[in-house]
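Pasting a structure below so you can have a look.
The first chain written gets the first letter, and so on, giving A, B and C; residue counts start at 1 in each chain.
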Amino acid sequence: MQNYEKHILTTRQFDRASLILLFEEALEMERVLAGGGNDLLKGRILASLFFEPSTRTRFSFETAMLRLGGSVISNYSMATTSSVQKKETLFDTGKVVSRFADVIVMRHPEVGSVAELARGSRVPVINGGDGPAEHPSQALLDLYTIWKERKSLDGVVIGMVGDLKNGRVPHSQCDLLKHFDCSFVFVAPEALAMPRGIVEELRESGHEVRETEDFGEAIGEMDVIGMTRVQEERFESKEEYAKYAGVYVLGKGEMGRARTGAIVLHPLPRVDEISPEIDEDPRCRYFEQVSNGVAIRMALLARVLG
Amino acid sequence: MQNYEKHILTTRQFDRASLILLFEEALEMERVLAGGGNDLLKGRILASLFFEPSTRTRFSFETAMLRLGGSVISNYSMATTSSVQKKETLFDTGKVVSRFADVIVMRHPEVGSVAELARGSRVPVINGGDGPAEHPSQALLDLYTIWKERKSLDGVVIGMVGDLKNGRVPHSQCDLLKHFDCSFVFVAPEALAMPRGIVEELRESGHEVRETEDFGEAIGEMDVIGMTRVQEERFESKEEYAKYAGVYVLGKGEMGRARTGAIVLHPLPRVDEISPEIDEDPRCRYFEQVSNGVAIRMALLARVLG
Amino acid sequence: MQNYEKHILTTRQFDRASLILLFEEALEMERVLAGGGNDLLKGRILASLFFEPSTRTRFSFETAMLRLGGSVISNYSMATTSSVQKKETLFDTGKVVSRFADVIVMRHPEVGSVAELARGSRVPVINGGDGPAEHPSQALLDLYTIWKERKSLDGVVIGMVGDLKNGRVPHSQCDLLKHFDCSFVFVAPEALAMPRGIVEELRESGHEVRETEDFGEAIGEMDVIGMTRVQEERFESKEEYAKYAGVYVLGKGEMGRARTGAIVLHPLPRVDEISPEIDEDPRCRYFEQVSNGVAIRMALLARVLG
């Protein structure tokens, strides 16, 4: 990591070397998990501050801390309660909570909120999602899942499918994947295409990027099939939505056209963009991603707590 | 246990032999508690998923896990929050949470919900109450309380008093007690009588069942006085309710007519169906039931986690 | 402690000797903290019952328990949920929760509520704030902060500034400080002056008390500058409020008039009565008070759990 040595706030603080190191540490953490956990962080406390609900992310961090022998103090749905009502600044919250805990993970609906808390904190802060901006541990576990499968991120054809305009997940993935020699296939309705800035940055740094609306045609090229949800409310009209609803859905038919060695990712929760009928297909990794997320977060906690 | 070897979903999965074995295990757990707990489940994590509030049941399971050296991740009032908002199926929730925890206890307002979660789960699931259907650990602790007192469940006269029509507790108790040679005295207003199906099943399996509306006359026959609440809203009119209000109440007068060796049970919380003036009567077991519940849940956790 | 040997319910149960003993125990706990915690309370469970939100106080008690190797079961925002809905008495809640936990901390909006819970409890109960009445651990950590600084509470000039009429904190502080040979300077608008009863009690027990509205003139006399918030809604009119708004605010200018050896206290959260520009002034102790609160609560937990 180049900057933010103490905190984990953004995908931008990682480079190629620090990513690979982190993945190797996460792999080691999987061995720890297989052995039933350890006592590396015994006596250390994680403060889990969730100003908006996200059971999955909260459970993942808390599990990671407990598996390393640490403890947790937890406050979800703080948003409407307590000192927040009394208008305490996040800077002060950081000052105070870092007097209790040895490390803080925070999720908050506002961009920049976690960095503001970190500014006040005496202990490391990990961004658990600050609104539409960043959710670095999710992007890290996505890449880790690919890396584990392929033993590398170079030479991989990364497909991203669905709403690439509004999704925090595909944006953060690109921010990390740009450090590797992979190529990209973006499949989205024109109205939900990947932002131009991201596409240009990838191309300028030498990556091949192909964009299409036709999932059925493109799926066969992908080593990684990264699914995201297409939400009706993102479209201007029901008619517009109807053109795409069901098109960016992964079922048995689509899997028949996918590569033998491809893997399917999804940040979960899914609604109907992945049919449960393919859950048993060995190429699907979306539930295994949940386990990988625990390993990545164990590696992050171990790293920031030295 | 005959079926559901992995999960604890229903009282129906227990037979006479497995019940007595469980009670002996719970008795052993009381010795563990007297010694300040142990480390049997050190490194194991319980996920406590409460989709409706039940502090008593949640605390009981969490205490049981902690007393055995395990840890807890907890999410109550999930109902209105998080991935549930995004309409994740309980099957997927089971898939995901079982990637974090080693065992799950869940409470949910809908019948069959816990079984649906268990279908997706890779780890054992314990039913903490699925709406009006089942709440097996409560029924198990009720029987355990009787078994501890009498050293047997055979030959015991079981009284059940109050709303026997709508109460989940008396129904589940009958489901377990039918494996033993006990007899029954059901005391309820006609409109709140024990369902015919349950009475017939008990009689067909050779149990004596007497039904009456007269608590004062019947209390003297009972070895076990199982109280439940009679709620005004169950009656068609205030006049109808007024006939029974105060009739199925246990106070000093009633205790004077009860057997010397009788014991009083109540699932709690009580409102006014048991007068605090009898709390010190040595026959009252309703607060001791709370402790027995911890022991039973420790035995269940130890059993499903092998 | 004279009374309430088992529970910590009120500042009134402490005398001079028991306070100094507690402060010495808290100092020992700071050494434990510096060493990364210990296992003094391993296997013991704290039930954290918060019927109104107070993240800071809850985190402080839970951290204290975890640092001593204990575990926590926690229920905040119980107010609108669970058995409370079913109108269980606090006496019964005490009966029940003390079957789970080894010690209980409770916060509740009603005066006397914690004492009522304690009446039912088989285990020690610590008052985490019962409405406008008491919040003893806050007052204890305030005094501990002064005692640590001055090595004594005798001969100290205690300043209290702001809303001294409605604030639970200054009242509780006076209740404890009266055991020491300190003198007082109360700075408040007339409408928010310290209640006559408290002033008279202090004077009758031989303490010098000076009252003024002029913060700028009085600050130079204080060894301890105890700030509290002045809330607009306490005044009869906006005009009345405008006279005081900004007057009882601590900034660089005021600190220039304060003694070199003075210390600044605030119970937090602050809104604007202390300017962040003075946070780095070495005389400010309001964030260190948070750490002192953990030490005091560790000492209280260790004391009541023997």
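Here, a contact is a pair of C-beta atoms (placed from the backbone, for glycine too) under 8 Å apart; a residue touches a chain by one contact, two chains touch by 3 or more.
On a predicted model such as this, the values are computed, not experimentally measured, just so you know.
The touch graph of these protein chains is complete, with an edge between every pair of chains. In summary, the pair subunit B and subunit C forms a contact in which the copies contribute largely different residue numbers, shared numbers making up under half of all those used.
Work out the mean CA point of subunit B and of subunit C, and you get 41 Å between them. In subunit A, 74 are the positions where the chain touches two or more neighbouring chains simultaneously. By the touch rule above, subunit A contacts subunit B in their complex via residues 36-37, 53-56, 58-60, 62-63, 66-67, 72, 74, 76-77, 268-271, 276, 279, 287, 290-291, 294. Across the complex, subunit A is touched by residues 43, 45, 47, 71, 73-75, 78, 81-83, 85-88, 91-92, 95-97, 99-101 of subunit B.
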